[in-house]
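For reference, chains read A, B, C and D in written order, and residue numbers begin at 1 within each chain.
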Amino acid sequence: MTGLNRTETVDRLRVRLGDIEMKNPVMPASGCFGYGREYAQFYDLSKLGGIAVKATTVEERLGNPTPRVAETPSGMLNSIGLQNPGMDRVINEELPWLKQFDIPVFVNIAGTTVEDYVEVAEKISQRPEVAALELNISCPNVKCGGISFGTDPNVAADLTREVKRVSRVPVFVKLSPNVTDIISIAEKVEQAGADGLSMINTLLGMRIDLKTRRPVLANQSGGLSGPAIKPVAIRMIWEVSHSVKIPIIGMGGIQSPEDVVEFFLAGASAVAIGTANFVNPYICPEVINGLPRLLDKLGVNEISELTGKGLMR
Amino acid sequence: MSDHTQEKRAAKTEEMTVISNTPVADGVFRMQLEGTLAENMVWPGQFVHVQCGPGTVPLLRRPISICDVDDQGRHFTMIYRVEGEGTRLLSQKIPGDTVNVLGPLGHGFPIEHRQAGEHVVLVGGGVGVPPLYYLARKLVQKGVNVTSIIGFASEAQVFLDKELSQLGPVYVTTMDGSAGSKGLVTDVLTSGEMDSWDALYSCGPLPMLKALQQLYESGTQEAYISVEQRMGCGVGACLACVCQPSPDAKEKTGRSYFKICSDGPVFDLREVVL
Amino acid sequence: MTGLNRTETVDRLRVRLGDIEMKNPVMPASGCFGYGREYAQFYDLSKLGGIAVKATTVEERLGNPTPRVAETPSGMLNSIGLQNPGMDRVINEELPWLKQFDIPVFVNIAGTTVEDYVEVAEKISQRPEVAALELNISCPNVKCGGISFGTDPNVAADLTREVKRVSRVPVFVKLSPNVTDIISIAEKVEQAGADGLSMINTLLGMRIDLKTRRPVLANQSGGLSGPAIKPVAIRMIWEVSHSVKIPIIGMGGIQSPEDVVEFFLAGASAVAIGTANFVNPYICPEVINGLPRLLDKLGVNEISELTGKGLMR
Amino acid sequence: MSDHTQEKRAAKTEEMTVISNTPVADGVFRMQLEGTLAENMVWPGQFVHVQCGPGTVPLLRRPISICDVDDQGRHFTMIYRVEGEGTRLLSQKIPGDTVNVLGPLGHGFPIEHRQAGEHVVLVGGGVGVPPLYYLARKLVQKGVNVTSIIGFASEAQVFLDKELSQLGPVYVTTMDGSAGSKGLVTDVLTSGEMDSWDALYSCGPLPMLKALQQLYESGTQEAYISVEQRMGCGVGACLACVCQPSPDAKEKTGRSYFKICSDGPVFDLREVVL
């Protein structure tokens, strides 16, 4: 390839999420890539369009008991919980290391009270390495009887507003799919100032072992991810993208360049790949490398042209 | 998580070619795979993460121990029991088929400090025996004397006994007494018939590892165990496979958890809470 | 097998859904088996534990435009709509034919207003061939802006109450999984007099064709069924069975005797098989025939012992 | 949905054995399958519903037309184009592999009323050509004269032209003129070079069928078309594959819809709205 062609290839994949520029639309999804160190042994992380790191909380969390994963048809369940070393260690040990790759870092933040979220958001968003916060609203809200922040439009909007107030970087709200009406949650969150949306988080699922008669996961139920949930993600992104103006990072079962384009047509402006990293540690660069050829096949010059270009029937 | 440094070569993925795949015991298969990955498999006790089917069912890889590697580093062997869908699909592979392998992964058995003339006991149970074979070969190469104690459910499940007996004395135990002595591997350890030993290396089912911990935790003899857990990524990124450090280990390492796939699967017997 | 053994085998699979006796717990799911005629060419339908027939409305419905099905990883999408010949023809042409098999017939009923449902329920439930009604509450409620009856606990409960008032047979309410809180819907519906629950109906999903850039389904989105949704079904049945006392017919991706037992452990008292009929027309009798051996392996005498016997971890 | 009665034998499922599976054109394969099901495939125009993989991906069966059956009814042939995942998996099958087949399904081409000496035109496009081959064989067996008009995108896609030419005259058309005459099959029909005919049977892409309808709908000449639609069950139970009857057909049959899988795939040209 000549230098000229190479530049063109790079440009074709460039996307913008509001003020955030990404040289390609593919990043690993939160919780599926640690803080990047493990996958750095397989390839140069600067190839990525961005990186979403594991949910970060005020204090260290040890997560749920094991077993924490189970296999389902074309999917997996996880009940990792919010295990992470706490924001101070993330700030001191992980973020500086990530700086070398010069890619936008999305820090997924979590908590059990609004105050928790605000504290993490304030502190993390001051770090120069951080491009955006990803607000994980699927967490149980201890002040509301443990019901997830993400299931009530007003609760989700209030949380968004408070976090926006303190954040120095754009805030993407990561929506839970386990809701009756994702559109109204998205709309409220947009009104509350969210700069973008990430969707979808995992569906709630469960498996029971026939021999022990107990749930396979020690936590009983867990989050369903992987190709099995892709049609649900596509439907929700399609619906939401027709109702909000803020950009959407799409995720849920992506494992090929074709999947990426399907998410773009549904309304995504960038994508995240989760579970597929476990199947193929090279999946992110492979998908990125495969995109230009697919765009050629589809007669499309720049991938950003495809966002929301799915047509009604 | 041992202090000992050991050569750990890079992991990658490869479509490896099946050279053979044959039953070695009831429901247990030995598969030989060829490819360049084998030359990185220099550390006994490491494992590979294997894609068992071509599509998304099963979705996740399956962790299987490295059982042996030929001296040229051209192929390796794994021995696996058919448990569920993943291992069932593996068992259907025929020579010439390919299997996508990610590895070598994890920290194996620390052996670089072993001295010729030492006496080491290997304690294995069921499909925990395979990694001990590669370990035994490496130890014998160093001039270490190896005694194996391997336990199975019954005669039909016994494997690797003959291969191990070429490397040193082997005690076989079965639950029903249909082969070797009736009982558990720990019965042999506590029977008094064993010569004294310098270190113990073990891999097997959780109850076996727990029994070993009970026997030796309070002592000072060098002992290592290889631990199993359901895995996601296999490389330390997803936190599926964590286990808790013992209070001592927590203090010493400053770690609040270990990842079995990347800190282990081999741990110091006194280092982890089972 | 001796005659004696055969009798025993039959008894081992017997289940009760309230007053309804089934000689085994397996029935085809509504919409996946027509009115039985097509599958009668493959085997004797009297082998089934029961049969749930396609949604029936007051008038004939022609359903949605085609394409109506799409493939997804370990699942499928359908947007058949409520196509059916209307209650009068169901009563005159289909139900009398089904009588010969002497198995409980569950008539799935649907509508767009409460009055619709009541009219169908009243008329259908008078037929001696009908064992129970299965109230499909996933339909859009035209009087409430098209939002499905199944997404609001009170709307679902009101509908249940009205239908119960006129029905001469037990009423099973078929719950939609596309809700934030399925427990409260189940509880309300139980309080409103439901005799049982069927769960789950399909998850809402979508696929987009990369070439045409349009949804694969002419109706844009459709219902996701098949193995992909099994973990969601198990989770919901587990949750609901811990909150209600009425029996549950479990469904969602069942394709083996093992799946049946998993649904029982989660809380089901019987099961329905949908999508798997399309893959293997003999799936229902094959699963039924495979159950005794599985029960042996698990050391269980009667399958009914397993309902709700999943243990907490 | 034709009035003509025709022998329709029972459908069932069978693990059939692949005898051969070879490319016949660019991206198009011919697969021969052996099994007892073949003896039920007596009616040209019927199809089989094929499980392309072993697991749940792809989940649904794929409808493929019966292209030929040997005279002993021991094996049958299908010709398919690799479109997506299902047909891709099919194309990887090798002799000795098995494929689960459900069939024969649907109502084929009505031919029992055809008389020796009649002239019939077969009009096929792309992977719509295969069922016409079996049809041609059956018609020729009855002494009917058969002319085939088959259209493809370009030369590389042409198949069954030689086989059909052993049964009667064959006109090949390609979109780019790289083989046969340039243009569409309907160009041949309207060119005037065709002898007059007693009946037309067709199978091909929707635009082709629509063009035929436009040409002949208002006339009275006997004409049948085989229609495609995405299918679920393939046996008439799920209502995935419905199509609308023409006003006339609606009145005549009292039907408000037809199921392509079980009422079709073959319909009278004037019977359905495309």
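Here is the rule we use: a residue touches a chain if its C-beta (ideal position, glycine included) is under 8 Å from a C-beta of that chain, and two chains touch if they have at least 3 such contacts.
Model, not experiment: these values are computed from the prediction.
Chemist: Please identify each chain that touches chain A as well as chain B.
Modeler: Touching chain A as well as chain B, we find C, D.
Chemist: On a C-alpha centroid basis, what's the spacing between chain C and chain D, in Å?
Modeler: Centre separation, chain C to chain D: 36 Å.
Chemist: Measure off the straight-line distance from the CA centroid of chain A to the CA centroid of chain D, and report it in whole Å.
Modeler: 47
Chemist: Residue numbers in chain C touching 2 or more other chains?
Modeler: 72-75, 226-228
Chemist: Check each residue of chain D and list the ones that touch at least two other chains.
Modeler: 56-57
Chemist: How are the chains arranged in terms of who touches whom: line, ring, star, complete or other?
Modeler: Here the contact pattern is complete, since every chain touches every other one.
Chemist: If we count contacts the way the header does, which residues on chain D are in touch with chain C in the complex?
Modeler: Those in contact with chain C are residues 10-13, 51, 56-61, 85-86, 102, 229-243, 256-257, 262.
Chemist: Looking at the complex, which residues from chain C come into contact with chain B?
Modeler: 73-74
Chemist: State the interface residues of chain A toward chain B in the complex, per the touch definition above.
Modeler: 31-34, 37-39, 41-42, 54, 60, 62-63, 66-76, 78, 80, 83, 85, 226-228, 255, 275, 277-282
Chemist: Applying the document's contact rule, which stretches of chain D touch chain A when the two form their complex?
Modeler: Listed in rising order, the residues of chain D that touch chain A are 56-57.
Chemist: Can you tell me which positions in chain C touch chain A when the two form their complex?
Modeler: Residue list for chain C touching chain A: 72-75, 77, 151, 178-181, 203-208, 210-215, 217-221, 224, 226-232, 234-235, 238, 253, 258, 261-262, 265-266, 298, 309-313.
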